[in-house]
Amino acid sequence: NQPLTLIAGPCQLESADHAQMIAGTLAEICQRTGAQFIFKGSYDKANRTSLSGTRGLGMEAGLKILEGVRAAFGCPVLTDIHEREQCAEVASVVDVLQIPAFLCRQTDLLIAAGETGAAINIKKGQFLAPWDMANVASKVASTGNNRIMLTERGVSFGYNTLVTDMRSLPTMARTGYPVVMDATHSVQQPGGQGNSSGGQREFAPVMARTAVSLGIAAVFIETHQDPDNAPSDGPNMIYLDQMDRLMTSLMAFDALAKADPLRP
Amino acid sequence: NQPLTLIAGPCQLESADHAQMIAGTLAEICQRTGAQFIFKGSYDKANRTSLSGTRGLGMEAGLKILEGVRAAFGCPVLTDIHEREQCAEVASVVDVLQIPAFLCRQTDLLIAAGETGAAINIKKGQFLAPWDMANVASKVASTGNNRIMLTERGVSFGYNTLVTDMRSLPTMARTGYPVVMDATHSVQQPGGQGNSSGGQREFAPVMARTAVSLGIAAVFIETHQDPDNAPSDGPNMIYLDQMDRLMTSLMAFDALAKADPLRP
Amino acid sequence: NQPLTLIAGPCQLESADHAQMIAGTLAEICQRTGAQFIFKGSYDKANRTSLSGTRGLGMEAGLKILEGVRAAFGCPVLTDIHEREQCAEVASVVDVLQIPAFLCRQTDLLIAAGETGAAINIKKGQFLAPWDMANVASKVASTGNNRIMLTERGVSFGYNTLVTDMRSLPTMARTGYPVVMDATHSVQQPGGQGNSSGGQREFAPVMARTAVSLGIAAVFIETHQDPDNAPSDGPNMIYLDQMDRLMTSLMAFDALAKADPLRP
Amino acid sequence: NQPLTLIAGPCQLESADHAQMIAGTLAEICQRTGAQFIFKGSYDKANRTSLSGTRGLGMEAGLKILEGVRAAFGCPVLTDIHEREQCAEVASVVDVLQIPAFLCRQTDLLIAAGETGAAINIKKGQFLAPWDMANVASKVASTGNNRIMLTERGVSFGYNTLVTDMRSLPTMARTGYPVVMDATHSVQQPGGQGNSSGGQREFAPVMARTAVSLGIAAVFIETHQDPDNAPSDGPNMIYLDQMDRLMTSLMAFDALAKADPLRP
């Protein structure tokens, strides 16, 4: 029953300066609004729609940037991993390892991640029912690591479209693990622009607010000072200069939701 | 930017006493919590899953009951109509005519309803995109009647299942008409019990709260003192004795949402 | 285990000459290929996407045209009805009354249609599971009329899109009633052009052939000599001058399928 | 325009004897019916629904079995790989590397597979539109390897359910690569039995026949002498003793389809 956590940052890590700028802005917003803060950034986009999409800076450069963010702002940092070999090295720097949605059933990756002892944020596959995340979490928990978070990021709804079923949040909460709403990937339009994914940035606050009103643990938001020129996920990222207003609003809904929990 | 309206009542009108009991309870709750109240009750269930389902009391008896409720509690009353011939007679008693979801594209019914001058609540078809409701509303508006409400009640998601897309609420709001969330039909499982529909009553408060957090005009809820023995829609109706707690909670979210409107 | 029936004609009846031209062309094709033939034409499009869509010639003019087609070519004729009051009059002329998909759960319409004694073709709602058509058919059968056909025309799949689940054909066949594949409406994109529906005409032969390979009773196809200028459903109607080649092909698959029935 | 290829075998490799028994039965059926044959078997099920599911014999033992099958029957062999490190070693034995559906957007895996020069069969993700497979195939083709096959295995349709859109087969064929229908995974019910997936074995022949009627290159079928006691995918595997009748039937549809190609 803690205040809302914001997991946020750019889709891709771009440079140390860029990460520091975004992390600094978000850390300040969270301090002012009373939110907890975890900085998020990816060093590799391993499953772009097409080969022409920018991949990222790579693990070594990325981890250095994440380490710098943690040192500068004292916040935990999160990144996503794609192969089991990466888990140990990434976990030596990062506080939260994230399992991408497409990979949420890859047993070896889940176990390798769990064995690091880091917190593990598992994104629910676009092809998975919320109740099936209990089996997914059990794979990680089998390592003795129960520091698990489960993230909703939308489910397949016809072609090139996702829908978010709000029932998934209380359903996943039955596992006892903290539940996260990914407010920006849930408004993605996968493959919707031919060689890259589209998105409906304007609806990300709708996803965030409705989920927060249910008393979830955390909201996940990708943000950028100039989304239209970001190397990936521009169409669904939120403008950095709108994060202050958004978090102020979300914290009010969070306080109300946590004072008035929905009965299970 | 008025306080939330509650449109509520039993699925089927059962008797004058039953309607008065439910309407009285709800009117009192609304008065206490500051909600506006519209009593809802059906005189005919014209599209039951199977022939064995109870149809209802019929138009004459139903209208008399609705008239009695309005007289007793001073609240507007709403009922659904299924054929254009019914519109004028029903509108002579009832404040709001409701177009069932399956019938939301039947041009003649929409026009006949609009021509009565009554307020018209159109349920969005389970097969319809939210942006397509603009065309539906235009059919009513072509009669010169702009007293239109648009209701979300879930969209087909695989077989025997509905999902509610929260984006549909702001999307329909772009028409300028008040938007309603039907919190109990949206958790229906159509045909899910073979000869009747199932439902997930436990998630109706999830649908209501998330929708209200977006600042909608009204929430639609079917309620019964003993849903498991109600003649229809039992699996998704909310217990009458839980309505007080639910409305108290929803009004707090409504106040917060209306003080902090989402930008379009 | 009869040869395939073709139910075909223009979406809307346009004039007596037009209907005769199309019916004549199709009757000849069916005679040559060994298919049975039912002429289809609508006198009223009662649920257009928007008010600006052309409605049709009306019942009186439409029935006269259908009567003329039957007299000229000796083929049964089919049309769709939308209100129970229409059933008796339409059935006095027409051999097959068709229940539109949106209306497939309207009990009174199904019963009024059944009571005429005409054959009844029920289109499966875009919101309905195939196994739920047993309940729908029972409403008609309750009148003592068992001359029922069940038609697949696609199921909602995200927004503005339908998908056809081939499992629905053997599933509906378990009722014992003849099963029909609607090869042109199943490739509709409902509301997909803003004020009207889009369609993928190029895939209609895919729907027809795959369904016929399962040994179904009939295929339903809307066709026009100039679909792009037809008053409705142009984007999914097949060019009349392609029907000969298509039926020749389908009859070969029909013969193979009926010689080698799938085990239930 | 070659005769149909059958890609078939058990879900999991169980032992050398078991593989030889199944491969021998299938090779004989294919010889008799004129089909081409590729033996399929998995050495590791890397994404079971739950941890309690059997994983398999492992790479070393599996490759030995596959090598033995090829030696005994002269047929190409196929297996699926899950990590890029596996590609080279597996390709030293196996003719066709298969990319699992969940992994179909993992760029590094696709490229590592492509670089082996082996044929690559890519299963379309349950979350992917058919037209998005062009981008997926391009990742492999970027290695200079154009020996690519694209497989339909169903798309997410609500929870725990897949649907097969027959339009996906001609859509994927526009890439110019051979298209495969996976007739047994497309009738899976993912997660449908709580700790494992359910399936509708009875509909696998429906999927196979309808797809073959469109003139596809290959059909993929998992088969077992005793599916109910198989270590995985039992509910959707076809009984081995029904394969002869099924292939006889499919080859008749294949001949008809290839003599009468659908126009693109």
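Per-chain residue numbering starts at 1, and chain names A, B, C and D are given in the order in which the chains are listed.
Keep this in mind: a residue touches a chain if its C-beta (ideal position, glycine included) is under 8 Å from a C-beta of that chain, and two chains touch if they have at least 3 such contacts.
Keep in mind that this is a model prediction, so the values were computed, not measured.
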Pair of chains joined by more contacts [C-beta pairs], C-D or A-D = A-D
Query = Taking each chain's centre as the mean of its Cα atoms, which chain lies farthest from chain D?
reply = B
Query = Using CA atom averages as chain centres, what separation in Å is found between chain C and chain D?
reply = 36
Message = From the mean C-alpha coordinate of chain A to that of chain D, what's the distance rounded to whole Å?
response = 33
Note = Touching two or more other chains in chain B are residues 155, 157, 159, 163
Request  = Work through the pairs of chains, note which ones touch, and then classify the graph as line, ring, star, complete or other.
outcome  = complete
Request  = Write out the stretch or stretches of chain C touching chain B in their complex.
outcome  = 46-51, 55, 82-84, 102-103, 105-108, 125-129, 131-132, 135, 138-139, 142, 155-156, 159-160, 190-191, 195
Note = As the complex stands, chain B meets chain D at residues 157-159, 161, 163
Inquiry  = List the residues on chain C that touch chain D in their complex, please.
reply    = 157, 163-167, 169-170, 187, 200, 202-203, 205-207, 209-211, 213-214, 249, 252-253, 256, 260, 262-264
